[in-house]
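Each of the two complexes below includes chain A, the first together with chain B, the second together with chain C.
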Partner chain A sequence: MKLFAIPTLLLTAALVSSPAQAKMKVFACEPEWGSLVHELAGDKVDVNVGTSALQDVHVIEAKPSLIAQVRAADLVVCTGAELEVGWLPMLIRQSGNAKVAPGAPGSFMAASQVKLLEKPTALDRANGDVHPDGNPHINLDPRRIYVVAKALDARLAQLDPANAAAYQQRLADFNTRWLAAMNKWKAEAAPLRGRKVVVHHISWVYLWDWLGMDQIGALEPKPGVPPTAAHMSSLIATTKSNNTLAIVRAAYQDTKPADWLSDRTGVPAVTLPYTVGGDAQSKDLFGMFDSTIAKLLGASQSGAAK
Partner chain B sequence: MTLNWEGLDISILGPACVAGLIVLSTHVPLGKQVLSRGIIFIDLAIAQIAGLGVILAQYLGIDEHGYAVQIAAAAAALAGAGLLSWTDRRWPEYQEPLIGTLFVLAATGGLLLLANNPQGGEHLKDLLVGQILWVSYPQLIPAALLSVVLLGFMWLRRGRLAGLVFYGLFALAITASVQLVGVYLVFASLIVPALATAGMRGRGRLTAAYVIGALGYVLGLVLSAVLDLPSGALIVWTLAGCALLAQLVPAVRRSHPAHDAPEAVFDTVA
Partner chain C sequence: MRKTLLGLCMLSALAGPAYAAQTQTEAQRIAALEAKVQALEAELQQLKAAPPEATAQQPASAAPAPAAAGDTTQSELDALAATPGETATNDTEAVAAPAADSGGSNANAFNPAISIILNGSYSHHSLDPADYERAGFPLAGEAGPGPDGLSLGESEVSFASNIDDKFYGQLTLTAESEGGEDHVGVEEAFIDTTSLPANFSIRAGRFFSNIGYLNSHHAHTDNFFDRPLAYQAFLGNQYDDDGVQVRWVAPTSLFLEFGGELFRGENFPSGGAQHGGVGTRTLFAHAGGDVGTESSWLAGASVLKTQSDNAEDGFSGDTTLYIADGTWKWAPNGNTKDGGITLRGEYFLDDRDGLFVDPADPLVTAPWIGQRHGAYLEGVWRLNRTWDVGYRYDKLWADDEGPVASLFDPYRHSVEATWRNSEFSLIRLQLSHDKPNPDDSDNAVTVQYQTSLGAHGAHKF
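Moving on to the complex of A and B:
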């Protein structure tokens, strides 16, 4: 009897401890959510990020590894609100992983956790690129990231109860640092309040909403469709006459349209990181907002020097 | 570069591989004809016209999902094929430039229509840049049936496809394949195996072209998993690589006609 006792004990120990040893696997659609998972879970989970800051998340090139990563994932963290509609449904279908199917606990959509801006009251095609759920680009509002972090942390704890205490502690730590950083950013960005900007594509509303800035025009109001001559000439007039701070584009966007408008109006074109990894400084969410605000302030100083 | 073995999974690569073989089944014999007619960009033009058909259908308020879109795409492609078959009879010497002109007209015509249909852009992309990895088995059933019908038809005509019949078959094959694997792979599947075996004759040529094509797809899918690179783009390169390697086989290379000395571009000697 004793002969069997030790192996049985070892086996039982192995079975009990294996869920704690096998790390939870997380697939993040965008770098900002990969970074947030890292803040909240540290080395308790393995994170794979599907896209980089230098690519347009509306489209991705299909690689076998993406399907394999989603197949192995216990949790998929994406923006939702149709941002990834061009590839995420296919990726989840091809992975055949029911744990992360829409509606399952392993499917976490950040945009569902917060109130979205630009939610259309009536769906009308005449209004341009309408996302029926609202504008999905919420990663540029620290207040919404704060809300998402709390919900994401609860989901991590739900799926991986063995580490729930660690997640809770890391969330508390993140919240302290994040609120302090938000106060710092708010103070730094005070001179930007009320300033006007022209954007490449309408993916920045949450940043302007947070900083109290005004977007007065867009170079490419309809994605994928070149703007008309009439649109460009009215945009030049608007940009010139409003003491515009900057023409803003994301790191992944073509530089030509913003440079073109900058040449004709004297308003500086600024490339903002848009997400984690968008420039050298944006190594995490903190760095991303540090860099975004520093670059907008830089534009306001160079504008004032003229 | 680290090697990535987890993507090497038959349930991930299987549907893509079957899609590739279905596309090859019709495109290898059609490619032979395209090459001998010297109209190699016709697939790009037909695919673009099919895309234009979809945009036009949306413009007219037809539902964007389901079979209505497929019918619109096929109808537009067939209309384009009819036009090209007519120009082929009327001005055979200008067929290639006419195809090129039709391609840019269809592409820019789509942009003009989309200026007032802001959501159409994504659907145009959907149609033209099918991604081979997103293919699922149920999706392959209609494509496989269509290929069987097309191959049966070619077999009945003993491979002799003239005028309207050739252009019509070609339009249907391209409309289906572009949505499965995208326009780059369609072009490569048509032209590369046919080009690699250009010196061979008869049944042997067809067999060799099929082998080159199948090896290219399988190798491309496996390498894209192991090297973690986009599958569609890599298969184009492995197809070309297999075509080059095939030139080492004497039977493929043997019957290449000896080339005459190239003609001088500038007649400096005279």
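Moving on to the complex of A and C:
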């Protein structure tokens, strides 16, 4: 009889702890999804955000603190499309949390909800750290965030039916504000249409796609390979000759390569927030796009002043 | 122990049907909710008097279009969803979408993730590796200096995949060259449970024990070309055996992991698969967390108890090995790949109670009762994405009496510099000064390449 005492105890514990009596716990891999969960769920859930805007999410380590957070989570909200391939699978396996394993309802991948750009036709690491499913940096397109919000809200309601009505109401509210903000941004950004940019890493394609801008070069010779002097020298002519608006880098990236190219071409280097928390203004998703548009417009004015 | 395992297995079997029932009712609930959401959205649309473009789709069940003023139209937004033509709320279809483009049935679609590590080196030793003797620590397992000259290091192929909804499996084969002969071996072949309740997981098969820090890590994630002396002396480089492991992560905000293992007891420091093939037992605990946003730590304590019969170093009897490990990583903003410092140390205490039978001359026997210690401390400074430099100090404390007694305690200094072209390739230069016994010293220089191709691996902290 003693033989079954421990398993029975565990089973009871598992059954008692699984219903959503306490607040649902959400682990967001990146700040943008943490912010979106906050928009859709408010104080109905507890959110832990695993990374910050000052970290490169391609190369996070499977830290003990993150294992503990994933262990506690009922829902994991991440980008997917292999952006977190170097650490998220390890966190899930180490935590032993079956609720958030790939394919389980507790695993929500934003990139799976939308169409991806730059899906490579040939997979070869000679082309750098390419993502087979396409470019995963979808957080810079408000249209895609809108689509993701809808799917994420449905998932929240599925996992936490007791608060489903609240999630629906908050989504409706978010959609109203978001669509209004999108139209405002689009109007503000009208002068940017057709302008050319050079980027540090190719994490901005969705932003250019939305704003109708063109990327004409990247400081990284191949995605994920650090900038080299030879490659950057080859960018000088292109950058100079195209009335280039700016050299764009994210808050977490080394400032030196973009400054180097800026010094040699006169094209301003601009640090965009990239995600929530990337600068003082980017306190949430709205602030992040406000800041992004304002900084790009700022670059176009400083360029015109010269 | 075995009874508890049995209980756990039964527990997982019991949990299965319960989950299934839950998802079924959940599916119904979702369907109802979805209908509700759509109705609400349609209502919202009417309230806002949207342009009538959504009416092109015939039935009421088609995608509703919420108000979209200005230049952002609903059709534009819908076109970006993974599953166009319907709302992106159907999770299973959206998740399955990427795999569907190969069309029809493709048997290879279920191939496991394959990753390959290629590794090779050139070393020059001032002391002929054949004459290398470590005072107080007979060489066993893969201990000792590597070969002089050019050589293929441990190159490995690893296959990993989910087996089904409850199991994950991994097979790692290694190829290495020893004395001109190629060996292909099974380094790891194990299954993991993925859906046990209460955050338990069980691993069974052949695998690296989770004791200490480095033991469970594959050599290609190390900061140095070779393992610390303590790993060489007490674990034959790395303890790998056939066994079963139970692991549990505590529900705390501090990372706390506890576990235990049973092993066959075939490989050093064990030998002879005693106790009917369950010759080794281990217990381990790890704790870890963050200090601010820039520092993380991990610490652990482990014990390995084994009974061996004629182990590689000539020992028969009981061995108890205690290990304490600690790791501290600091990096600006927590970006460990772009800069920062990693400090790591481990301490070993090896307690023997048995008999020594000289492997060279089985007629020479003597009681072997005593303790030996070992430790290492390493620091690696990551300069940027491309470069790191590191220093390691190794020390072993021999037993003063007994069959392998030595009054001299071996030590070694190593420095390394590593250049990385990308996450997938590195070239390392290592210099070391090794003092294995009072009379000899070995100065070595090693150049190593190490690459990883195929599936992108996920590594432990």
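The rule is short, and it goes like this: the second predicted complex is superposed on the first by the 267 of 306 C-alpha atoms of A that agree within 3 Å, B and C clash if a C-alpha of one lies under 4 Å from a C-alpha of the other, contacts with A are read in each partner's own complex, and residues count from 1 in each chain.
We adopt the following convention: contacts are C-beta pairs under 8 Å (C-beta built on N, C-alpha and C of every residue); 3 or more make two chains touch, one makes a residue touch a chain.
What you are looking at is a predicted structure, and each value in this text was computed from that prediction instead of being measured.
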item	value
Chain B versus chain C as contact partner of A:294, first or second or both or neither	neither
Chain A residues touched by each partner, larger count belonging to chain B or chain C	C
Partner chain(s) touched by A:154 [first = chain B, second = chain C, both, neither]	second
Which superposed partner A:98 touches (first chain B, second chain C, both, neither)	second
First (chain B), second (chain C), both or neither touched by A:237	neither
First, second, both or neither for A:72, with chain B first and chain C second	both
Which superposed partner A:64 touches (first chain B, second chain C, both, neither)	both
Touched partner set for A:52, first chain B, second chain C, both or neither	second
Residues of chain A at both interfaces, chain B in one complex, chain C in the other	59, 61-65, 67-69, 71-72, 86-87, 90, 93-94, 96, 125, 128-129, 222, 224-226
Contacting residues of chain B [partner chain A, same complex]	4, 6-9, 11-13, 15, 111, 114-115, 117-119, 121-122, 124-126, 131-134, 136, 221, 224-225, 228-233
Chain A residues touching chain C - in the complex, by the definition given at the top	3-4, 6-7, 10-11, 13-15, 17, 52, 54-56, 59, 61-65, 67-69, 71-72, 82, 85-90, 93-98, 101-103, 105, 109, 112-115, 125, 128-129, 133, 141, 143-144, 146-147, 150-151, 154-155, 157-158, 161, 164, 168, 172, 175-176, 179-180, 182-183, 186-187, 222, 224-226, 252, 254
Residue ranges of chain A touching chain B (in the complex, touch as defined)	58-59, 61-65, 67-69, 71-72, 86-87, 90, 93-94, 96, 125, 128-130, 222-226, 228
Of chain C, residues touching chain A in the complex	3-4, 6-8, 10-11, 14-15, 18, 23, 26, 29-30, 33-34, 36-37, 40-41, 44, 66-72, 76-82, 84, 87-89, 91, 94-95, 97-98, 162, 165, 168, 192, 194-201, 247-249, 251-257, 286-290, 293, 296-298, 329, 333-338, 384-386, 421-424, 453, 456-461
